[in-house]
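First up is the structure itself, then whatever we jot down about it.
The chains carry the letters A, B, C, D, E and F, assigned in the order they are written, with residues numbered from 1 in each.
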Amino acid sequence: MKLIIATIKPFKLEEVREALTEAGVRGMMVTEIKGFGSQSGHTEIYRGAEYAVNFVPKIKLEIVVPATMADQILETITKTAKTGKIGDGKIFVLDVEQALRVRTGETNEEAL
Amino acid sequence: MNLMKSLIPAAAIVALPQMGLAQEATPGEAAQHTQYIFTTLLFLMAGFLVFFMAAGFAMLEGGLVRSKNVAMQMIKNIALFSIAAIMYWLVGFNTMYPGDFNGFFALGGPTVLDAVGVAPEDAALDYASIGSDFFFQLVFVAATASIVSGAVAERIKLWPFLIFVIVLTGILYPISGSWKWGGGWLDAMGFSDFAGSTVVHSVGGWAALAGCLILGPRIGKYKDGKVHPMPGSNLALATLGTFILWLGWFGFNGGSQLAMGSVGDVSDVSRIFANTNMAAASGAIAALIMTQVLYKKPDLTMVLNGALAGLVSITAEPLAPTLFGALWIGAVGGIIVVFAVPMLDKFKIDDVVGAIPVHLFAGIWGTIAVIFYGEANLITQLTGIVAYGVFTFVGAAILWTILKATVGIRVSEEDEINGLDMAELGMEAYPEFSKG
Amino acid sequence: MNLMKSLIPAAAIVALPQMGLAQEATPGEAAQHTQYIFTTLLFLMAGFLVFFMAAGFAMLEGGLVRSKNVAMQMIKNIALFSIAAIMYWLVGFNTMYPGDFNGFFALGGPTVLDAVGVAPEDAALDYASIGSDFFFQLVFVAATASIVSGAVAERIKLWPFLIFVIVLTGILYPISGSWKWGGGWLDAMGFSDFAGSTVVHSVGGWAALAGCLILGPRIGKYKDGKVHPMPGSNLALATLGTFILWLGWFGFNGGSQLAMGSVGDVSDVSRIFANTNMAAASGAIAALIMTQVLYKKPDLTMVLNGALAGLVSITAEPLAPTLFGALWIGAVGGIIVVFAVPMLDKFKIDDVVGAIPVHLFAGIWGTIAVIFYGEANLITQLTGIVAYGVFTFVGAAILWTILKATVGIRVSEEDEINGLDMAELGMEAYPEFSKG
Amino acid sequence: MNLMKSLIPAAAIVALPQMGLAQEATPGEAAQHTQYIFTTLLFLMAGFLVFFMAAGFAMLEGGLVRSKNVAMQMIKNIALFSIAAIMYWLVGFNTMYPGDFNGFFALGGPTVLDAVGVAPEDAALDYASIGSDFFFQLVFVAATASIVSGAVAERIKLWPFLIFVIVLTGILYPISGSWKWGGGWLDAMGFSDFAGSTVVHSVGGWAALAGCLILGPRIGKYKDGKVHPMPGSNLALATLGTFILWLGWFGFNGGSQLAMGSVGDVSDVSRIFANTNMAAASGAIAALIMTQVLYKKPDLTMVLNGALAGLVSITAEPLAPTLFGALWIGAVGGIIVVFAVPMLDKFKIDDVVGAIPVHLFAGIWGTIAVIFYGEANLITQLTGIVAYGVFTFVGAAILWTILKATVGIRVSEEDEINGLDMAELGMEAYPEFSKG
Amino acid sequence: MKLIIATIKPFKLEEVREALTEAGVRGMMVTEIKGFGSQSGHTEIYRGAEYAVNFVPKIKLEIVVPATMADQILETITKTAKTGKIGDGKIFVLDVEQALRVRTGETNEEAL
Amino acid sequence: MKLIIATIKPFKLEEVREALTEAGVRGMMVTEIKGFGSQSGHTEIYRGAEYAVNFVPKIKLEIVVPATMADQILETITKTAKTGKIGDGKIFVLDVEQALRVRTGETNEEAL
């Protein structure tokens, strides 16, 4: 199984979730994070003082899927999260050794 | 008066006064008892409006500090009001209004109210009840202390701050207040300050300035020659606070007419309401336009400060100006704020909520502006401004220094970073919300 | 009067008037000066209550928008009040109350207050001071603008909105206001609108409706034929705002009695207070029960809207109804809201805070309801409703269209998604709280 | 009076009364019509201040519950006020003020206001308009219900709570209220309770106590013999609520003078304002010092409770004490709270906002404290305290028990854990903020 | 070493934490997330409009433990987090290559 | 590539971010978490009742870097995040199999 970690723009969440559901994803974890990346460095003014905004609000998705599904998921996310503008986000894939569903005790792919 | 007397039959002249009708004798005035009731009512109404400014200050300050210091700001505000209430009773009121005195200082004792169900002959029929007057004056001194609270936020220790408030509300403010409103030397000189641009607001501003200088800026505010803004945690609360203060100001300025029992007086109170509102509006709009022009985007916190600066500016003379006068006087106040906030930053004076620009600078401006519409003389006005400034700034600086040298006034670096709420109170204002 | 005169000895007849005693001549009335003071005081008191509604609107709207648009809502509310204050002085007040005029339109100049310490003979002794009257009227026009602010939230650009406010408060509202309250053609016809269900609330509602139609709904609100709710970010603030508005309404309706100097008048003001409170209560309860019945769970935002709808409903005639009358009139208002909110959604009219159901629909209902207790004629009431509707809707629509065609009224899609706070102000209301 | 009569020429004696001048006859009093206006105005002004306490309770409670229960607390507060308004009209007011009755109970019908434009001869010239009186009394009963709302928060079902409010505001409170303020048996006995430490606050406290006992504590509050605090979600709101309540209390106590038309009365109202303020201040400071001493850190929530306890303590006799008297009476109230809050926890009585310490315990204390300055007898005071306690506690307990046995009063465990907002309303107060 | 990622129902946090402490866990990271899974799809009504609630508040625990402890930890979490109702959560196990305690510079199992 | 997970004290965020930027890190994800560890167990008093504060606010950084950079990053974080007091935080390193930049479709090290 693979853990897919994706950062996306917050307003894309709903669209990506729908696409993933259609692609067969049955669960995920969503976290509000602050992203730091190339999209940054713009300055704001507060009470007359300029300051750099380094962090941008992002959504982090964490999805565990059977290894075989990983590529398809990557593609789905890429397609729906893309706006073409800087800050669209990144996707990382990690290996997952074990999975377990608390309610039933099912393990691994059955638990997803 | 003259005309009347000649027309009234002798018998009536004799009879009527004893019927309590003499009160109606002056055209344009209600009966004297009625006048007393009206003026007392003015004080009560204006008093509860100004009281509510305590909530306004608390919300404004609570909205402009970071969430890790909000509970501290709340406890400071409710405690300072309470201390002011007690100190002003214990010594402040009678020090500020000592009756006949040397014009500089006379220590007063605790306030004694009118007896229950006071008889008319024992009441100050040409003025108002002591209770209403005391209440009205008391809520003013609390405003002064609130001004300091906002400026020194996010780094001061609770108890030393409260000790400062004890002295400010019990001693410093009443003494300097007596110079003008207690009929002291500045009053004798003709210094003019209708509702307290100087007596209340500048005094708070001077004490805040001394505090900011001696306390130093918040960690990280000025680093590598740059200003690092620390955005307020809740601008909705700050806006609410501003509206509450604006509301309270109708009492602040309107009540300072000190009379409502005649056609002229109540009309003057109305003029004051209209002018006060206009100055706030123009202060807000001036700040809105200025920040848009200077920074390309309007700055809400400046607009809030601008409205308040407009209010402070008109406070020294809310009656005499026309509505247009109130408009431009308030607008200048709003503009002052927009320039003064970054200027203070240049001097590394870290005033968290803009109290010094709003209350001190606009207060000075308002006191000077009296010369345009009121009957005041520039030299006298400047004398007053300087006298209040020197006395309060020096007095406050000494006090802050003593506190610093003894109990210390600043929390530890770690406590400041973790927030005063956890460090000083062990309690968070928003325990459930994540912080950034 | 006749009876009295015959009993008074000649001498007294001559003497007393000049003593200012004639004011007591009519039983049931206080002395004329005292009456003037009372009525002026009514305006001041009612005025500050209505002023505070500005805070109520700000909190209600700030609570019902998403947090990314809260700072924008704050700046809009403080700016619109300030603009209203300036425009109403500059041209609005005297356009709305032009004295003798053609009944349709007369452009007024800036407001001039009573002189300082005005002498009784120069004052409107049978009414109130100009300052108090001006202040009282001014806070009404600000309410109209606030109504628009809430409806078009979360997508409108700041400056075009403020330009709209300039015209609305300086021109549109005063002109149509003069038709009824300025003694114009609708007043002459017998149209009845005690405190402004139509003159104030519907007018705001029509302007809001025009705005919503021309601006279009928020992105994502209506998608695939379904309504996608965008829950308000802070229902505690929204509730606070509702309570503040309810409080302000005592001034809104009570002050519209326009007199407090006699037993009858002050008792009428009391009746108005009691009825106003009842209508708000029944509006809230009606919405509570309706949402429970319809949706199985009560809807807090509907209950808040219901209370406000009850208030708007009783505003056209808060005096004549019995308490039971106020109860059912207010309840109908609450029910209207519960049905009108989803109905607007069906037409894809995206009114963020429910301003159109509350102020326009309940305003129309309230204006019609006058016929049940007041002395009004259905045809005349409908004439007034239509006249205000056509004038304001067309006027507002033209203005919105011009603004849209020139400077544009809507932020870019990206700005809307990121929130107006970052886009238009570069400042967040809650910078520290995570957003979902 | 005697003196006057002898001096007035016969003709004048005949003439003046018919001129309405007789009203001026008693020195120290304004004309009777003017007095009526003043007292009516007092009720209106005090009434809107007390009305605003509804917002204060809502904010205080909303700030002291966890965010998952805030929307529920909001809907409870606006609904309970609305219900109180309707029930008090329907039956409460005339049950509480039945005129001549057996001193224990007389069921009243709906309230009928003065006619529109009531003629002086039909008005209660020696008192105030019915509308103002009704409005003033009505906002008191709502306060009683608000007290219960806070104590039973975070676990009670909405509708059973509202049914309780219907009975409390329509039946229980008016009946016991009639014993004292309606001129019933306790009044005849000489029981003294100026503004309602017992009649309003203890009654609310007893009903709350019965509710807490029958409802049980929140899940997890008392576990393994330990108290598990559940910190309030928004102490800024709680502080705002406290300031609003403090503001409202000027109306609560000041309006209870029930007259403002004479020098003595308006001066008494002033005394009450000053004393009320002092008691709040000293209650806050007492709690501040006590928590610092006991726990090494001041507790903001206790300071807020302390201010309120000071207010409740002075409510039974806000007029007679000196300012020093108000100071120590209020301070004792503040101290009571600091000890009572953990004491209730020991008995596993889970009062979410401290309503029982503040309103019941301080209410009892305040009622006893009357003997120090007022004209009251300890035995009579205790009789009153016990009578109100037994009647309300038993009445409320029966009602809660019936509700529990029939519809159930407590949400399911899962609903409680997930929060009442989602469970009962399907709506969150802060939908965007993460929760911990 | 293993990284154990577990999503649980928020109200179970305290209980799970206590059980884990007893089981020898000396540290963890707790994040508030929104979960998407089978527990969802119920509809709410807001201002007269129905809408689906897709995300449910969840708590995410991240715990790094020596590989030998992993199974025991899984069991502990399963036992305490279980309510038997849908939405009880899932547990995932990943491999951790390195651990480091900032304060002392201790590494790997010593750093846990 | 490696995923570096680091918990640090919140007030160190800015300093660490700057140091990491200098060390060549071009992106990261920042999450507000509650930490549980040795730094805890102090008691607070609320309304007269003592209670233990088990969780401490922490910041979690997640940074994906080329494997070769990992050690240097660890050192940078250790150096800047350290105060020497308890609760300075931990760093964990996991293996990342794949990385992808949504905007451009770049993969692996090019995507970082």
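Observations
In this section, contacts are C-beta pairs under 8 Å (C-beta built on N, C-alpha and C of every residue); 3 or more make two chains touch, one makes a residue touch a chain.
Note that the structure is a prediction, hence the values are computed from the model and not measured.
Graph distance from subunit B to subunit E, where chains that touch are one step apart, equals 2. Under the touch definition stated at the top, subunit A and subunit C share these contacting partners: B, E. At the interface between subunit B and subunit C, two copies of one sequence, fewer than half of the residue numbers in use are shared by both copies. Averaged C-alpha coordinates give centres for subunit A and subunit D that are 53 Å from one another. One finds 18 Å separating the Cα centroids of subunit A and subunit F.
Centre-to-centre separation of subunit B and subunit D, using mean CA positions: 31 Å. Subunit E has residues 31-32, 34, 45-46, 94-95 in contact with two or more other chains. Looking at subunit B, residues 12, 21, 24, 30-31, 34, 41, 45, 231, 234, 240, 297, 299, 301, 426-427, 430, 433-436 sit in touch with two or more other chains. Pairwise chain contacts present here: A-B, A-C, A-E, A-F, B-C, B-D, B-F, C-D, C-E, D-E, D-F, E-F [touch as defined].
Residues 2, 5-8, 31, 33-38, 54-55, 58, 60, 70, 74, 77-78, 81-95 of subunit A touch subunit F in their complex.
Against subunit A, the residues of subunit C that register as touching in their complex are 417-418, 426-427, 434-436. Those residues of subunit D that touch subunit F in the shared complex are 227-229, 231, 294-297, 299, 301-302, 338, 341-342, 345, 354, 436. Touching subunit C in their complex are the following residues of subunit D: 11-12, 14-15, 18-21, 23-24, 30-31, 33-34, 36-37, 40-41, 43-45, 47-48, 51-52, 54-55, 58-59, 62-63, 70-71, 74-75, 77-79, 81-83, 85-86, 89, 110-114, 116-121, 123, 125, 128-135, 138, 158-159, 234, 237, 240, 424-434. Note for the complex: subunit F touches subunit A at residues 1, 3, 17, 26-31, 62, 64, 94-103, 105, 111-112.
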